[in-house]
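Scrolling down, you'll hit the structures one after another.
Below are two complexes that have chain A in common, paired first with chain B and then with chain C.
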Partner chain A sequence: MNKSTMNNESVNIERRSFVGKSATAAAALTIAPGVFLNQVHAKPAGEAVTDAKRWGMLIDTAKCASGCTSCVTACHEENGIESHNRPLTDQQWIRKIKIKDKLTDHVVSLPMMCQHCEKPPCVDVCPTGASFKRVDGIVLVDRHICIGCRYCMMACPYKARSFAHEAVDNKVDYQPRGKGTVESCTMCVHRVDEGGTPACVEACSEAEHGAMIFGDLKDPSSEISKQLVEHGGQQIRADLGLNTGVRYRGI
Partner chain B sequence: MLQIKNLMHKSLIALAGIAVMAFSVFAYADAGEKPSFAPSVPHPTNGTTECVEDEDEMKKNHMKYILHQRDATMHEGIRTKTYSLKECINCHVPENSQVRYGDEKHFCSSCHNYAGVSIDCFQCHMDTPMGKNPHKSNAQVSKPVQSEIADATTTGASNE
Partner chain C sequence: MKKLHLQAIDGNSTGYIGLLALLGAFVLAALGSMYYMEHNGHWVTGMDNQVVWGMPHVFAVFLIVAASGALNVASISSVFNKKIYKPLAPLSTLVALALLLGGLMILVLDLGRPDRLIVAMTYYNFKSIFAWNMILYNGFFVIVGIYAWFMLDRTMKQYSRYAGIAAFVWRLALTTGTGSIFGFLVARTAYDMAMMAPMFIIMSFSFGLAFFILVLLAAYKGTGRPLGDVIVNRLRSLLGIFAIAVLYFVFVYHISNLYATEHHGFEAFMLLGENGGSTYSNIFWFGQILVGSLIPIAMIYGPGVANCRKTLAAACVLIIFGGMAQLYTIIIGGQAYPLDIFPGYDILESSFNDGLVSQYSASAAEIMLGLGGVAMSIIVIALGIKVLGFLPASLADSEADPHHKA
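Entry: the complex of A and B
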């Protein structure tokens, strides 16, 4: 009897101290109004990503200038993608397209890249497990496992993936690429893991268009979530039920 | 008579040879070193003196460390430096080095050539440190081709 009372007491003490610490932490969060701690998404390098976040993008086609290819240039520079003057087979991680409503003749310009689907068809068809979705929603190709069969390229409804036909001379250490595997937009995962923003979004903002917003779809206080709540955002080929991480406005 | 003299001469040389060999074995034993023909692991060139792991351990198991780190980084976003291939290169290959993988003098090749190991890491990964000057692509950016989004019942899509 005595023993169990003692145990209860010790449990209660632990619980009390835990509650106390949590209260202190909560106070620390609210003590400085105007400082948005939750907007900083850098994680310690040794920590694995979690499904507490889902990275996404919102593209406002009204702000996306027709003829501007800043995002494409920035992406391809960042990731060392170069043309071999073979437009049919050159790699493209992001491209600018025009969509025309045939009824009204209304034309919108938008960047098209991997839509980072919640249910990615490229992952479904991959025979080796090289095409995979990270728990934070970023869809990637593990080139170590990819055998270059290109099923995923066939499966992707957005033509987002391309095949590396040539050896890569201009290598970068944060984005290893080589001949014989499939590749696509990584949402600049090397930047995101360090708290950064994808190169295309940065370039769009530098070009003073600000048509692209990047952020955590699961965080209601993030800019992207606020914008989505206020103005909404369409998926391209929503009929496929893929729940894309990249959303568009004005299409 | 001449033949006997020759034979004696030859045996004397052989005896001397054996003595030298025996002495050298003792010499190794004295120094406490194992005789090895394998090249020694080149030490860090960036001033780092701390070893990632014991040299013998790294000789034997470096590939396991790198493989484990590879999957952790790729799939879980764990980007610690210690066991990453990038950091191997950053520490052991001098910045601005012109020596590429495959050359005898490259940190990785020096042993792999000896052991007859063929790897394909550097088809994608850099074999020299990138340093502060990223090798930005100066080639033409890929231009997209004519394509359409599949479901164009009321809308049509074309490349810019």
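Entry: the complex of A and C
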């Protein structure tokens, strides 16, 4: 091998390395901001949740593809939710809705789930305290003390809760569920507590839509906070004053 | 007025035993229905994720509302010191307790997890109106029970007026709590109105008194004891006033909604049957307003019916029917009308029926559970007047009317 060949080889290696790193960086910036956000917030098991964080989501309806149900499929697979082909009584933790502005005819597609309100009506009305809000903003149902009265379903302005109308066959360890109790989106709390991202957000990124961002609303350096500062985000039924943890752009 | 003489019924007749057997069959059918619903899960009922409270709740809320209304007769006697009602006060407490028991039986048996009732009795979220109601319901049993005891125990009689006042205040609180279950629901167009609480109170006056009059007429006819026109006609005109008052509250409820543009959709749905609301508007106009209010009011105040017991009984039945219709339109109609999650938008697609009116239809199991609760209430009343001396031996005008002149 002569000197000039060696130089060419060395240049090619450097060029390949540069192109590879650039592609990785570009991919990171474009398709998976949410994934990167979550490398820093793992909570040691046994440590209490604090109010230093408030978990939230930002959904960009302009990026949410009409007809795509990746988030729904991922959520239901993750949490063991099975359909009995009875949509009115099946559990639906997350659903896709297409809406049209009555005046402008502008059509928007978006995922709808528990909005993880700061002042959740479901928690207010629950007689036993089974509906509760963690100090980090995640609203949950303790299905060990839920008596199945469904008052929370009456109170929720988002139709975000489902009643287990039938026996639950497909149980996953981290998600205790059972017939006769009420369920809703947990913001994949089992993942979040281990430093992960909700399954719906991950699926949206994998489907290359990147319409959903998950993160800490109290951390000004988080992607979700930066996006909200720069572009804003609406609450659904903001008039109710619930200060939702899930925000939308484009409606 | 002569000295009050309360006397337990014999309760040995074929009719009485047959009545208990029939009612017992209804209670058994209700337990069977409950088992069927709990074993299979609630998907076998007409209820779903939109109409989460169905026919059992219509029956249960009716009985709970009527329970506090049935206490009226006792309250008028003790709190407002109207002597003519005094002989009926113990029966009034019995009917009140029995109706509440029947209503709660339905509510509990419809829970997704009725086996966890102990949880509801031991964990309280004091911001929940349901939690308040559990205290109010349990307290009602205690306070009304003490009130009945004081009235019947000669040594405690001097305190019965105070117990009566406490029971009166408690029953107002109880119905306020029941109405507020709906009144405090901000999310739903049909509810979210503070006047739900007073409206439920006036509904309780009417439905509870109608039920009480039916019990009174049946008990006196069944036992052959004398029942004079004076007391019956007093109750008749009181019922008429209450039925008119309910209509007034219904009018104010709808006129308030009609003034607010955001509620026009719901009013068109409920009053005109638009947007898939024809079932509910029919139940409203024909069941609640015509058959359940206007016709019985005419039967109470109409000419030539002044002393007719059959007309009064029929009017009571219609008022109860109208009350059920009213609670059906409030509870089922209010949920069937879709949540306005996106004001200003039409919903084009949703897997969860967003934006669509729910087509609820009650299953046989739900209806049987509800009827079982009613049967349980009547069993308690029938047993109560046999075991305890709640029924005056005579309510002939010469006995009951303090102004009677022989």
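One rule holds for everything that comes next: the second predicted complex is superposed on the first by the 212 of 251 C-alpha atoms of A that agree within 3 Å, B and C clash if a C-alpha of one lies under 4 Å from a C-alpha of the other, contacts with A are read in each partner's own complex, and residues count from 1 in each chain.
Definition applied: a contact is a pair of C-beta atoms (placed from the backbone, for glycine too) under 8 Å apart; a residue touches a chain by one contact, two chains touch by 3 or more.
Bear in mind the structure is a predicted one, so any value in this text is a computation, not a measurement.
By the touch criterion defined above, A:Thr128 lies against chain C but remains apart from chain B after alignment on the C-alpha atoms of chain A.
In the superposed model, A:Lys179 lies in contact with both chain B and chain C. In the superposed pair of complexes, A:Phe163 makes contact with chain C only, with no contact to chain B. Looking at the shared chain after the overlay, A:Ile97 reaches both chain B and chain C.
Once the two complexes are laid over each other on the shared chain, residue contacts for A:Glu77 go to chain B alone; chain C is not touched. Look at A:Pro87: by the touch rule set out above, it reaches both chain B and chain C. By the touch criterion defined above, A:Arg237 lies against chain B and chain C together after alignment on the C-alpha atoms of chain A.
In the superposed pair of complexes, A:Lys171 makes contact with chain B only, with no contact to chain C.
Of the two partner chains placed by superposition, only chain B is touched by A:Asp193; chain C is not. With the contact threshold set out at the top, residues 72, 87-88, 90, 92, 95-103, 112, 157-159, 167, 179, 236-237, 239 of chain A are in contact with chain B in one structure and with chain C in the other. Per the touch definition, chain A reaches chain C in the complex via residues 72, 84, 86-90, 92, 95-103, 107-108, 112, 121, 123-130, 145-151, 153-159, 161-167, 179-182, 236-237, 239-240, 251. Listed in rising order, the residues of chain C touching chain A in the complex are 38, 40-43, 48-50, 52-53, 111-114, 116-117, 119-120, 123-125, 127-131, 134, 181, 184-188, 335, 339, 341-354, 358.
Within the complex, the chain B residues that touch chain A are 70, 72, 74-81, 86, 89, 123-126, 129-130, 134-145, 147, 149-152, 154-160. If you check the complex, the residues on chain A that touch chain B are 43, 45-49, 66-67, 69, 72-73, 76-77, 80-83, 85, 87-88, 90-92, 95-103, 109, 112, 132, 134, 136, 140, 142-144, 157-159, 167-168, 170-174, 176-179, 189, 193-194, 236-237, 239.
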